[in-house]
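In what comes next, chain A is part of two complexes: it sits with chain B in the first one and with chain C in the second one.
Moving on, here comes the complex of A and B:
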């Protein structure tokens, strides 16, 4: 094509030894890019300081009167333990059997699904004492429950249609729960071991119900009241086989009928009526279950993370959009033609840098916030000391740092796709922050749905309280309750971050730089 | 074929309804400075981006050392590129900009100092790039291109916006790099910028190849059979020569350019007709003239198309 022949030249040979552009070198290059922009280091430092400071302010704003002596389960959980109990002593091994024929509301209101009527073996009549119970419920069939935090489902039999036979057999420190439809064929539900159960225990029939909960929510205010709840249950064929020092069944209100909670203190005591045909009618109030209305002091310690997120979004976005803005991305892809590798290196660097700064920040936030909360009445025994090195505090500290880091990665991915800072920052803020704010305003089901399907689900990682499925509890975002478990909540954010990265990789391969 | 070359084969690239590059083919040889010239919007930058693997061609291919850019394992050691001198993070020091590039290829730290010295940026590189003049940015961009000591250099409008001193510096610098045996592709929309720099020219317009020739050939062709004539009797000379079938153009108060006659025949005719003249010689075209001639059609076409776009 040339009209003259090119003079013979020796092509240039470089004196440099060919270096292989490995991934570690790429990481080093991206790290150099990061730390050589002073503003980004500053943003990182401000993010850490703001997270700690806002967490302190948040914790200082929470207080509790904390003057109620809590009932503690054998494992230290704060529980409700009050019920009406028709019982006898049992010394040594033995079996108690009963037929439950009815469980009805006695206060004119609908029956709570977790109202309980059944048999219980209890170490003593003291609230919080170890127990094992087999019980019928209106909404959840037959269950075996023991020591407040354990629950096993039995059959799905419904008292409204047929009576249910229940049986507890005690042998040493083992208690076995059975159920039967006819009193002849028994099926075992669960074999429970109660540690160092004394020789003499209390066995018998009981009735209990959670209180009715009334919830009113509107933007900026929530009123949640719990109260009432009286149920009546009918039992017959109540029989004890074994050695008993008490020849007759006696009745008592364990826990005074109304446990540490709101409700009328002068409520009618429970009652037991025995008909000439041997039908025991027990009326009572109170519940045997973990108390989930206390504040979550772990969750209260990380309120600064919410603000720290904004800085992470900015960092993650700018780390890539600043290159698009100035055309520097072309220099980057000229040096490393593999765009997926560049994306991977950027992801590793931004994730590592943000996590390394966020972890000390969340650890410090938690430690300082805990001492603020102590001063404000969140003290043992209701609020036991939490060790930073143990779950749930450790999970919340590490998880919050991971949350901040994942948000930065999500922002990076969105930044690659949208290529503009403003668009990417707005998108991530809408995804992560907005659901949190909307959750306070929307009806509870909508709020909980939002906190499941958006990256805001990740805030669940900050929860320290355990929410048991066998306790009806209004999981209110404003009380720090998230509808997902901590790890699955964080996984939602991780899934969003991964999806953003995949979309970014696809977009990088498909579009011109 | 040496490995220190750029080959563009039948390249075609479309952006929406605009055909930016339309079946372009050319080669850049080692030891030469190849000027890549065309009016603004002719497709120069698109071609360069495609060579560097930044844009994917719709058709054809661009090879560096016989391979597509994206297949290069250590691209900085094979091709140095300056696409946009403004592509710097304003709060990053010039030196740090070169450091991350060096890290990406595991290049020794002294390479950064070496190239900064080569472009005379040792002092300025300690400052943040946000405060750089255009000349400093161009120098830093060239330093970045030289970092891997590559046998091929691709520079997009490196002279754009430089002061005369800077332009002179770049010309000398590029000549020296080419003398070392490197293949250098320099784009420009102004032919005059490449005067005394380029050995070879690739001229494009509207994404198509217009010329791919050595500079010396091009100048000879543009000069053609024209004769430059200096005379005080301009009118008589014009009448006389036109009668003999020549085309005569006025180029100054006492200068004419004659086309269609040799210098010898012109002298004969003027002497016979007793028309006084001071000087007769073969006309030497400037590169700019050669370029204008080559791109005239392309430019007019482009202008018409631009008007069309405006009215649309």
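Moving on, here comes the complex of A and C:
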């Protein structure tokens, strides 16, 4: 009788308590689950390629006539700069004072809230030359504005009820704006520094008004008609203290007849009338403000992102729903009983992977689309070269990648809650894409509301154009304007993703796998 | 007939079917109502010159309802592949083209019935809300309104068939839905934002969704890129073509 003694082997047991497996290990496990599915890697690659290709197609479809010579501000912004000006030269330091008594529409239409009457110090009579102005408006009180993109509010005085005194003092390259109700006690609004202001400048009273905008919007069509308005302002007690080579006030239309000036080309020129009692009546048209009607070349470079989103949604959803479908989720939860940790690891992996793929794709989309747009007439000076590493472009590139990544996270969260790919994919795509389609069709207030409260708000991050609060602008979804600022728009999507994750964590803990 | 009965039983015993049909009705109605209540005569220069297409506006809900129909169509076939029922189905009914035809018929009839409810409710609500906003209530017996309503029902049924044919082609729900949603939503979106009139016109003529929804127009028909019935024909052609292609592959491929 023989006995075979088999050596007893202790089977391997992990020293770690299963529930306390480190988070890094969990990340590695989820990462392995992701990269070993070849179809998902393929989908990622397709997503990147499609994003770039569609962006190119979108960019090459866009064109602009672009043969208009734009007026450029000292900082390169495209601006409107035409107004009626009653001026004298001022050499060295000096002060100009006036009382504005009335500002009225001269063409029968309602006065624009941003019509302007006031004093201005301008380097030269060339459109786009540096300036500083203090002005009264019908809708926004007294303002100080300088070099087109800067604006400071003064008092809230209303010309319809009482006249306003305005004063500009020039000392070296500093211009100080004052206002007063009675011409005796003056309060300072703003002290402005105009870089390298020459010794001799033009000072005087001016009048200008933005265009009238009539907007009609209905299903499938928007018509926006704009017409140049004409306004008349009355000034008295116009006085200049300082050295002037010109003894009398002369009037001129600055930027009159420039191609991008508002109003018809054969419009009547502005006029200045002086009454025997010293009342100057100025009639003029035009505006001194940034031009916001140009296309946004940053936004035009990212049209492929809309398609890329679909792939990200599919990936984010399948990363969890396929586990439910195959029953792998039970293995996962046996290995790691802490379900929230599993969810966290999945979120980190899907967010990191999608961001890492989306970032090069959006950067490449932007770079290639920019050169395509340049061929189609979006050239300097009206459309300055945009550097990938500077504010609007960099924000849009990184923001678009973050958008794609957040959409994947949102899909993951919805996938955990719904557990079926079909429902989750459809829900997320509808949430992100449909509001924009409806926004084209619905009345404007409803459209803007949709673009604030749905994840579609995030597309605001692709905007490169700056919308100034002191320019009335119709924010139309069809011309690519989103009602939220870029970063707050993206945070709406982030809030949705976070809410979906919290709901997912809650339902994971509550429900059976 | 036995095929149809079998497919009808499969379709009606799935809880998701009824959820999705309820969603189609609810979503169509909700979005339509919201759209109708958002419009006032203030958007027009004066009430007499108001060209707002109120019928089309009250049927806006189709934009959202179609997602539920697509999912329903895709699941009708995709779920069988997902769970393996397809092999049982084909063992019991070896005539594959008849299986597909029966599925398509059952699906189309069911979706059309649910959509008809959704569309009629949308129009009914619009009739109640529009007069309070200063608009004329659309009449159901009016020719263009009837065309818009019947056309919208057909659009939703065709979208369900589109989902079915995509799922037959892909043998997978997720892929079919992703592709279907891109056709329903992303293509129209790109058509709107692309800055080139030629391409906008091409997409609105030849992409299934903007083309098919021209059936909802009751005003300014001469300004549509494609006429109402030809537009619906474009979607029908896509659905029929893909269904035929799906049918051929269904017969030649392994289940």
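Here, the second predicted complex is superposed on the first by the 485 of 513 C-alpha atoms of A that agree within 3 Å, B and C clash if a C-alpha of one lies under 4 Å from a C-alpha of the other, contacts with A are read in each partner's own complex, and residues count from 1 in each chain.
Everything below uses one rule, namely that contacts are C-beta pairs under 8 Å (C-beta built on N, C-alpha and C of every residue); 3 or more make two chains touch, one makes a residue touch a chain.
Remember, it's a predicted structure, so these values are computed and weren't measured experimentally.
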Q: Could you look at A:442 and tell me whether it touches chain B, chain C, both or neither (first, second, both, neither)?
A: second
Q. Is A:337 in contact with chain B, with chain C, with both, or with neither (first, second, both, neither)?
A. first
Q: Based on the superposed arrangement, let me know which partner A:469 touches: chain B (first), chain C (second), both, or neither?
A: neither
Q: Using the superposition on chain A described above, determine whether A:36 touches chain B (first), chain C (second), both, or neither.
A: first
Q: Check whether A:276 is in contact with chain B, with chain C, with both or with neither, and answer first, second, both or neither.
A: neither
Q.
Going by the contact rule set out above, which residues of chain B touch chain A in the complex?
A. 2-5, 25-27, 29-32, 49, 52-56, 69-77, 79, 81, 83-84, 86-93, 96-97, 99-101, 103-107, 111, 144, 148-151, 180-183, 200, 212-214, 216-217
Q: Under the touch definition given earlier, write down the residues of chain C that touch chain A in their complex.
A: 16, 31, 34-35, 38-40, 43-45, 51-53, 56-57, 60, 63-64, 67-68, 70-71, 74-75, 78, 82, 173-175, 177-178, 181-182, 185-186, 188-190, 192-196, 198-199, 217, 223-224
Q. Which of the residues in chain A end up touching chain B in this complex?
A. 1-4, 6-7, 9-16, 18-22, 25-26, 28-30, 32-33, 36-39, 322-323, 326-328, 330-331, 333-338, 512-513
**Q.** In the complex with chain C, residue positions of chain A that touch it
**A.** 54, 58, 61-63, 216-221, 295, 300, 303, 306-307, 309-311, 313-314, 317-318, 321, 325, 420-423, 425-426, 429-430, 433-434, 436-438, 440-446, 478, 480
